[in-house]
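Lettered A, B, C and D in written order, each chain numbered from 1.
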Amino acid sequence: MNFIFKIACKDEKGLVHKISDVLLKNNLNIVKNDEFVDREKSLFFMRTEVSGIADPQKVMDQIKDQLGDCNIELSKNTPKNIVVLVTKEHHCLSDLLIRNHFKDLNFNILAVIGNYESLKDMTEKFDVPFHYISTENITREEHEIQIMQTLKNYEFDYLVLAKFMRILSTNFVEKFKGRIVNIHHSFLPAFIGANPYRQAFERGVKIIGATAHFVTDDLDEGPIIYQDIIKVSHSKTAKDLANLGRDVERNVLANALKLVFEDKVFIDGNKTIIFE
Amino acid sequence: MNFIFKIACKDEKGLVHKISDVLLKNNLNIVKNDEFVDREKSLFFMRTEVSGIADPQKVMDQIKDQLGDCNIELSKNTPKNIVVLVTKEHHCLSDLLIRNHFKDLNFNILAVIGNYESLKDMTEKFDVPFHYISTENITREEHEIQIMQTLKNYEFDYLVLAKFMRILSTNFVEKFKGRIVNIHHSFLPAFIGANPYRQAFERGVKIIGATAHFVTDDLDEGPIIYQDIIKVSHSKTAKDLANLGRDVERNVLANALKLVFEDKVFIDGNKTIIFE
Amino acid sequence: MNFIFKIACKDEKGLVHKISDVLLKNNLNIVKNDEFVDREKSLFFMRTEVSGIADPQKVMDQIKDQLGDCNIELSKNTPKNIVVLVTKEHHCLSDLLIRNHFKDLNFNILAVIGNYESLKDMTEKFDVPFHYISTENITREEHEIQIMQTLKNYEFDYLVLAKFMRILSTNFVEKFKGRIVNIHHSFLPAFIGANPYRQAFERGVKIIGATAHFVTDDLDEGPIIYQDIIKVSHSKTAKDLANLGRDVERNVLANALKLVFEDKVFIDGNKTIIFE
Amino acid sequence: MNFIFKIACKDEKGLVHKISDVLLKNNLNIVKNDEFVDREKSLFFMRTEVSGIADPQKVMDQIKDQLGDCNIELSKNTPKNIVVLVTKEHHCLSDLLIRNHFKDLNFNILAVIGNYESLKDMTEKFDVPFHYISTENITREEHEIQIMQTLKNYEFDYLVLAKFMRILSTNFVEKFKGRIVNIHHSFLPAFIGANPYRQAFERGVKIIGATAHFVTDDLDEGPIIYQDIIKVSHSKTAKDLANLGRDVERNVLANALKLVFEDKVFIDGNKTIIFE
């Protein structure tokens, strides 16, 4: 069986040697190993995939003993459990439901929460529970409290905002820090804000794109995981651009989630380190 | 011999018929024909390439008679004459000098004007005159006056800003309206302004790009001709991004100029219509 | 209401004039017009989208009268009816079922025919009839006869091979000439034949791709409609490449069908002319 | 000062630990470290960039002592010396001469050898010696002997075939094994052989590409370093495709050389392992 250790700490000499020492003493074989040092911040990032018979928790504790003040995560390379938040647009959710159904990416959708009922039928077609939590006549705070109460029923690893068109409060974001992934309908940092395809049309750009990122308190400024683009011509209307954009969005979100769920992504301030 | 007519006017019924009538009466064969109607503005754009023996000026006059208040340009598909403005960076100029030398794209460089002497040797290596017009101790206005005096010696079709790092005055831009092409070191409208690669590095983007556009009075807001991007990872420094970006810049500028010099580009307000 | 005329004939002077004459006399406005002349074969291709009140069939007849021996198709810009043929892989079919359900592309899936039962549940989830036609114990000829009998129940415009892993007979292909679209799991003409992802892995390529094409008698040699690629690295196994390839395949097929169903694609021998 | 060790050996447990032990004992800091295990062949590849004060040759010897039968290369991250072989086409050579002149990529061109005189002027413009070695009236063997005699005057790291349109003998290739990089004018393995752009035109492909690879005895089958593509439409002639292809070729070659010259590329049979 394979384990993955994700290690992040202050850079210093001898880290690799200390870690490989623990792995060797536990008779583990390094299958894949990636390291990166952020020189501006003097931070060390390492992702090690090992194979062998050992108690991974014990190995992790030994590494911690060696390294001291470090951030270490252990992953057993099993599917991640997720809850998906949506509004009305189906394209990202549909793609995730299909992949969930056929086990194409390593995740399980535990539930979908929507602030409209539009995507209930689609979700239930695939035997996934759908929770309709309306925003009508309640404050954002009350809406988020209802979402959090629903989330209490699920042991999830990540929240995926699959075209969830609401801004989350600082409080909510802090509660699930580093665990919320959003798909943004533009090639950030271009066209921040609403109606990016209309903006793109008005500006006459020759390329449109989408961005998947972790959600932080600072709207549209979270660490970027994946971006992609397509070329467009003058003959496309704003509506055409939105249609074309939707395909890019679902592909970008799927690619980003694949990276995150394979434990290949580290958050380094407002950036990501990704070992593909 | 082939001629190209570029026609832009208010859209109305029967335009194609009137134009094709003139072409047929002059015994011309349509080799390639592209049309587009900007429905929001109700504008008609047509590019017709014809072959046959005729006096193209006479044909154009006849089309004008038929269409009334129209903007018609005639091109004989011959190389365009250009003057290139540069500052210190060589990569776009070098590429243009090589292409000029081997006649790879349909243009002739008449002269290069630089506000530093750095690129003088390179330019003269290819037997192209280089004019050094320093900005030292003079106002922007005075600098532009000197450039304009130099330009008077050349009958040019287009001015190409090949990493010319100065902002041109409204007056200058108006004088050469629709005839100045600039390469911008970012994927507009992202990272407007200075140091885009440093900005991109700080933001942790996964894609960088470049934009070639016509210069208008509104800085970085001129009609976009061509854009392209490359994917980048966390392992690239701001300096790496700038290096990678330079290759994108020279390719984007060359692609844009190819389109413009083949008379495939119409300006439609702050956008371009391009018949590839 | 808008109509589209697709006209293909031997090139000669005056074609555009004759066509625009008919359109004008019928008081039709040209909304979008594209022409191309294949000079090697001296063939003329034109796609004209018109708006106005007229009997399109009558207009087409008048154009035919003017042009003589020409191939003219009339389209009313309505959704195309299709039947989808599949084997076991779900990714292209799933994508089409979702788009069909939400009317994202202009087509209706009338039925799915599979030589395995694997995709029956998925298809029926979306209320589309699934016909299981096994190949067991019967010849290819008998299998195709059964398919054709099933097809008789449906008035379809196109057959879409969405990972249908059987080679169709000359007879079958001829019967539906120009109406069968296939998705090929490689960037043709590279890796023709079986197991392209294993082949790509063995060869150590840095790019993999997919190709959508019309099916002709000559296996893997039909007119190409759309191709796309993604970059890959040494760290991907043959299985990884196949997984990544599946996403490219479904995107390429969807893009190709969009072009075909919007009547933008002409077949010109073993090539396509596409007016985007 | 930074050194790079490139290590390739049979995979076994404890390799990373042994190597990091030597580095630590020499008081070296790991700046960047990449590893990959080819599981099918059970081969271990590691690239370690270290900083610190040490005798790199001594460190390498110590690693060799620890690992036994291993292939280790030491690089001091200095520019590589190259000799460029050309025929008539200028686009790749021009690009390399410009980059050489401005020190854009980490290489020095020691000399250019051409079997035509066409590129002599261009080469000498940049003060690089050009050796004209004609193929007229001599056998391939004699031609290669003359090239090898010229090469004896230069201490080069790599030979770059920048559109050298001759097939090299097994003997020649063996002599410079792993040190010859070629740019191939197609997206291998599509369109192997001559006239790939004509072939691409005839086939009606929607994408064309180029491939940079190490040269081995098996023509067009050497380990691929880098590939890229551009999209094309039906409106391009075979000549257009060749023109467009030239830009892709020079970009692909430059990208491949950058990777090779930064010691990021390992050869693994007929594939490459690349640590970007």
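In this section, a contact is a pair of C-beta atoms (placed from the backbone, for glycine too) under 8 Å apart; a residue touches a chain by one contact, two chains touch by 3 or more.
Keep in mind that what you see is a predicted model, and the values were worked out from it rather than measured.
Number of steps on the shortest path from chain B to chain C, with steps defined by chain touch: 1.
Across the two interfaces under comparison, B-D and A-D, the one joined by more C-beta contacts turns out to be A-D. Seen from the C-alpha centroid of chain D, the farthest chain centroid is that of C.
With centres defined as mean CA coordinates, chain D is found 37 Å away from chain A. Rounded to a whole number, the gap between the C-alpha centres of chain A and chain B is 41 angstrom.
For chain D, the set of residues that touch two or more other chains comprises 32, 36, 231, 233, 235, 276. Chain contact summary for the complex, chain A toward chain B: residues 36, 187-191, 202-207, 209, 223-229, 231, 233-235, 268, 270-274, 276.
Listed in rising order, the residues of chain A touching chain D in the complex are 13-17, 20-21, 23-24, 27-37, 39, 231. Chain A meets chain C in the complex at residues 32, 90-91, 94-95, 98, 101-102, 104, 122, 125-126, 233, 235, 243, 246-247, 251, 254, 276.
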